[in-house]
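The structure's right below; bear with me while I get my questions together.
By letter and in written order, the chains are A, B, C, D, E and F; residue numbering begins at 1 in each of them.
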Amino acid sequence: MKRIDLFLNEREVEKVCKAMLKAGAPGYSVMRHVTGMGVGGEISEAMDFSSFGANAHVIVFCEASLLQALREAVKPVLRRYGGVGFVSDAETF
Amino acid sequence: MKRIDLFLNEREVEKVCKAMLKAGAPGYSVMRHVTGMGVGGEISEAMDFSSFGANAHVIVFCEASLLQALREAVKPVLRRYGGVGFVSDAETF
Amino acid sequence: MKRIDLFLNEREVEKVCKAMLKAGAPGYSVMRHVTGMGVGGEISEAMDFSSFGANAHVIVFCEASLLQALREAVKPVLRRYGGVGFVSDAETF
Amino acid sequence: MQSSLVLQNLLSAPILFFFLGVLAVILDSDLEIPSPLPKLFSLYLLLAIGFRGGVELAHSGLGRLVLLTIGAAILMSLLIPITSFFLLRTRLDPYNAAAVAASYGSISAVTFITAQSFLNVLKIPFDGFMVAALALMESPAIVIGVVMARLATTGSSRSGAASEGRLEVEESGGLRWGELLREAFLNGSIFLLIGSLIIGYAVATFSPAGVEKMEPFTEKLFYGVLCFFLLDMGLIAAQRLQDLRKAGAFLIGFAVLAPLVHALVGLGISRLLGLNQGDSLLFMVLCASASYIAVPAAMRMTVPQANPSLYISTSLGVTFPFNVVVGIPIYMALVQRCIPASLG
Amino acid sequence: MQSSLVLQNLLSAPILFFFLGVLAVILDSDLEIPSPLPKLFSLYLLLAIGFRGGVELAHSGLGRLVLLTIGAAILMSLLIPITSFFLLRTRLDPYNAAAVAASYGSISAVTFITAQSFLNVLKIPFDGFMVAALALMESPAIVIGVVMARLATTGSSRSGAASEGRLEVEESGGLRWGELLREAFLNGSIFLLIGSLIIGYAVATFSPAGVEKMEPFTEKLFYGVLCFFLLDMGLIAAQRLQDLRKAGAFLIGFAVLAPLVHALVGLGISRLLGLNQGDSLLFMVLCASASYIAVPAAMRMTVPQANPSLYISTSLGVTFPFNVVVGIPIYMALVQRCIPASLG
Amino acid sequence: MQSSLVLQNLLSAPILFFFLGVLAVILDSDLEIPSPLPKLFSLYLLLAIGFRGGVELAHSGLGRLVLLTIGAAILMSLLIPITSFFLLRTRLDPYNAAAVAASYGSISAVTFITAQSFLNVLKIPFDGFMVAALALMESPAIVIGVVMARLATTGSSRSGAASEGRLEVEESGGLRWGELLREAFLNGSIFLLIGSLIIGYAVATFSPAGVEKMEPFTEKLFYGVLCFFLLDMGLIAAQRLQDLRKAGAFLIGFAVLAPLVHALVGLGISRLLGLNQGDSLLFMVLCASASYIAVPAAMRMTVPQANPSLYISTSLGVTFPFNVVVGIPIYMALVQRCIPASLG
């Protein structure tokens, strides 16, 4: 199995998750209110009163064979709005 | 070392964590307010005003030898109320 | 690539993240409001009304060559105030 | 008359904010009331309504009418889930039938509060002891629901009814009574409501100066917070409507007709008891409303085999809007026709 | 006179709490107003100001002056971003120029509210319809900003202007109008403000008793919540000041001079329209203020190539404090010099 | 008389809500006030009490009695941690002794507020300057605590006293004064309290109209929010009681006897100073109460070797409930016996 970790703005989460389900993801988990730093600069929760949004952390566990399809589903959003993704190995507990 | 990731309803977290400590876990970390999708359907924070509860993400780092005991401690709860678990490799930083 | 997971008190997060950036980390993500259990006992959100603080979960993805520098940046804080760190393998998605 | 009542309700601030929430979802606005703000409003409303009810109960005392009304309310919260269960059982498995039935036997505090606001605007008086009825109707339906589910599945265990991929785990032969009673009586919202009721009663009885000091908090803010909470309810109810396709026509029909039938039974009982117009409306609303706070939380723990999206969607997506938007004025019209105003 | 107005503003509770927030950051205190509490205050302020504006609009009616004023306000929200865009374009790439321009064309509700509080303390009357102008000035600037960005980059696409490491992705040839209009008109804060305005109007017209019941919530709490929110604004604005080094002298100069120039234009229009002193100040503040709630959220979605720290820092780190601390009293002094008090 | 005071306190709304919270934990209810709502209540209470205190201070002025009282208060906040440290040192290591001592030298704002509410119900007047004493008693105890810990461990360093598995890291020879002073004087809650006090003073002095506009927010809501916060304190204090087993009989005894002794000293000083009955009670409460907001946060940063569950459990799990439930009425009975009412 593989584990995918995505970090992207909260406002794109819904779009990304729908795209991954469509591409065959068996499930996902989302943590909001994530702050951080990347090439796009620092993201804090200070603007939370607007709907500007902090980051979200999306986790997907799936079969290795799905990786390519999920990558294609996610990449356009990450490219347009920023965000990063990482993969690692995992097994069912 | 091993890393265990559990996703289950917030309301079962206390039960599960106590069971894991009893089974020998050296520690754990819990993130609440997790939303997600699995075989049990979509879990959102919208019902948070009731005590219906969203998901929680529980992380345990432990020796590989503990895996079996922890699995046995956790499985009954996951089976009754839903939730999933995954394992991967890790080392102390 | 490597993935670093740190668990430490929210109040030390800023210090730790600045130290890691200085040591060359390409980015990081922070989740606050983490509860847990370790050698320092149980950490809950119950004291959140004071600025006592719960835990935070800091994630850094970086090249393996950076590990040693980051370890040196982080260790003094973990040693003084408590907190744990783990490493695992990862790849870009 | 009836249409003017409906209009008067539709144009009240709380209902308009409810519609604003629904509209936000329909138009795909990103308006959101982030967690835990809805919880803040809900805790506040329960504390305030409980405290006020307790104060008024202390003034009115526990007379014969009060006790009879509370008794009748508890009776309804036992009967409704039983009759509903058998009706729902014709189409649903025992777990889902029991969970939905429990919702309809229990009550919705927000529907009750909205009815009180409606009466306030019409300047029709009502009594504080109705809050005691509200508080005591929450738990029995939960117990009945769980017992029905258990009775209907004992013997036929391992029946393949495992819904949603959950394995049914028969544990040490039978009902976990401890867990059930805790869910039924110590659920946070039930506990806060009953606790605030008792505190209001005690303060009004033993240190009346304290009542005055609470009043700006429990009275003045109430209407505004209700508007805010109904805005959120509008957002959530509209999101739930999408789940309804899965629920199917049968459950949607149940969610609209059950409140009407239960309200009519409530009207009959109100007349028998000799309640005034305001209390009659509140009694009807208690019977007609379905729980979407305490019961879903309790059902998830005690009947995990049932599918939450079924019992939440029906009570929150259909019955709640129905009662709040058109139910209350319809019930009021019936009250004005059947309950003599002079009794008020 | 002028200096006394400045002092009176500086020593008001909201401004002092704003300074307290700034001081906390300067002294490195760990004072923090954790999320989502600022959102609670912001939702409350929008709901309350919208509802009150609607109620007053219902009382004053939609006369000729009202419609002319609203028309002039919308005109300003179209003109300001265009002139600002061309000025900013001299130093910034089209994306950043467009995003900053959109901010200054739109408005800051909190600056407006602070100006209202200032007028209240001076006991100078103003009209409810100005809230309608406020509400209608939010969206046009967003649309103009996006259109300008698109016009300026069409043809010169693939221009290497990709800022902050983001690749510019030209999608199916052009503007996503659906997304743009949703961001411009259905942004949560705009939607809540306009919705509350309409609800206030409807309730005042059709069930005036409801207005009284909302009043303790929307009126009495207002000043205190404003203080709390300005405390948070002080914390955030001071943090933003650090980003300003990156913005550079040109943008900082723009952030101070643009409000002055826009306020003067607003003063001229107010005089032409024959607004009273209170409304003139509010009109000037609408022109002078820059959005840091609705516009940044919309720009991130519709012009992701622009650098948020530029447009947020200028509007929130410079223009907001400038307006709130010294702008408002300066504008008031100008109003007292140019607008006859007898018209009030 | 004494027992009637106790009863009057026990049956007040805030104390009853405190018990409701305790009961929820005992009965294992899932009632919870999710984060950051307790923070909202706490920020509100600090802002409101500070602002009101400042306003009253502006009215009463900074006379001789005021300055003497504040001086005596600061003196107590220096003496109590020193005497407590030497007493605690008989059983605890220097780090834990210092941290607990600092808690008892500092104050609990919520205990103070509860005492004010108690006086309000009894209609006994008290002065606004006591809030200034409250605000200035927070920091000195923190400094003393850290200094004691450092003095007691210098030379005996590397003593193996490392508690809870933490390595003691001696850094560049000695006290980090910068960090210490920041924790002592710029801790968020201390900063907000003192800031609001100064703002209240300034507004009352320079723009009295602003005081009236704040009043519905800072006065009317106060009692209700206090109830809500005490409900949460009940939940937390009861959870802390479980930690007490680890604390042991010595610390529990200290947590009950220290407030009594400190209150008696406070009573003596009040009599010497010639304070009226209300102010005397408040002075006693300041001496008797122990901090569980500012000090724990400061100690974790400055004396990380100490075990938080020790100093939080004693102050929040024992001393706070003791003071709030039985301490305040006992102190009041002593005041009525020792302080002539005619001075009031």
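Following the convention adopted for this analysis, a residue touches a chain if its C-beta (ideal position, glycine included) is under 8 Å from a C-beta of that chain, and two chains touch if they have at least 3 such contacts.
From a predicted model like this one, the values you see are computed outputs, not experimental measurements.
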item: Intersection of contact partners for subunit D and subunit E; value: A, F
item: Chain located farthest away, centre of subunit E as origin (C-alpha); value: B
item: Between the pairs B-D and E-F, the one where more C-beta pairs touch; value: E-F
item: Taking each chain's C-alpha mean as its centre, the one farthest from subunit C; value: D
item: Chain centre separation in whole Å, for subunit B relative to subunit A (CA means); value: 20
item: For subunit C paired with subunit F, centre-to-centre distance based on mean C-alpha positions, whole Å; value: 33
item: Rounded Å distance, subunit C centre to subunit E centre (Cα mean); value: 38
item: Touching two or more other chains - residues of subunit C; value: 11, 31, 33, 39, 48, 51, 88-89
item: Multi-partner residues of subunit F (at least 2 other chains); value: 30, 32, 34-36, 39-40, 187-188, 216, 220-221, 297
item: Interchain contacts (touch definition) - all pairs; value: A-B, A-C, A-D, A-E, B-C, B-D, B-F, C-E, C-F, D-E, D-F, E-F
item: Subunit D-facing residues of subunit A, complex; value: 11, 48, 51
item: Footprint of subunit F on subunit D - complex, ascending; value: 35-36, 39-40, 43-44, 47, 51, 182, 186-188, 191-192, 195-196, 199, 202-203, 206-207, 209-210, 213-214, 216-218, 220-221, 297
item: Subunit C-touching residues of subunit F, taken from the complex the two chains share; value: 35-36, 38-39, 41-42, 164-167, 169, 187-189, 232, 235-236, 239, 292-294, 296-297, 300-301, 304, 307-309, 312
item: Complex interface listing, subunit F residues touching subunit B; value: 30, 32, 34
item: Subunit C - residues contacting subunit F, complex; value: 9, 11, 33, 39-41, 44-53, 76, 79-82
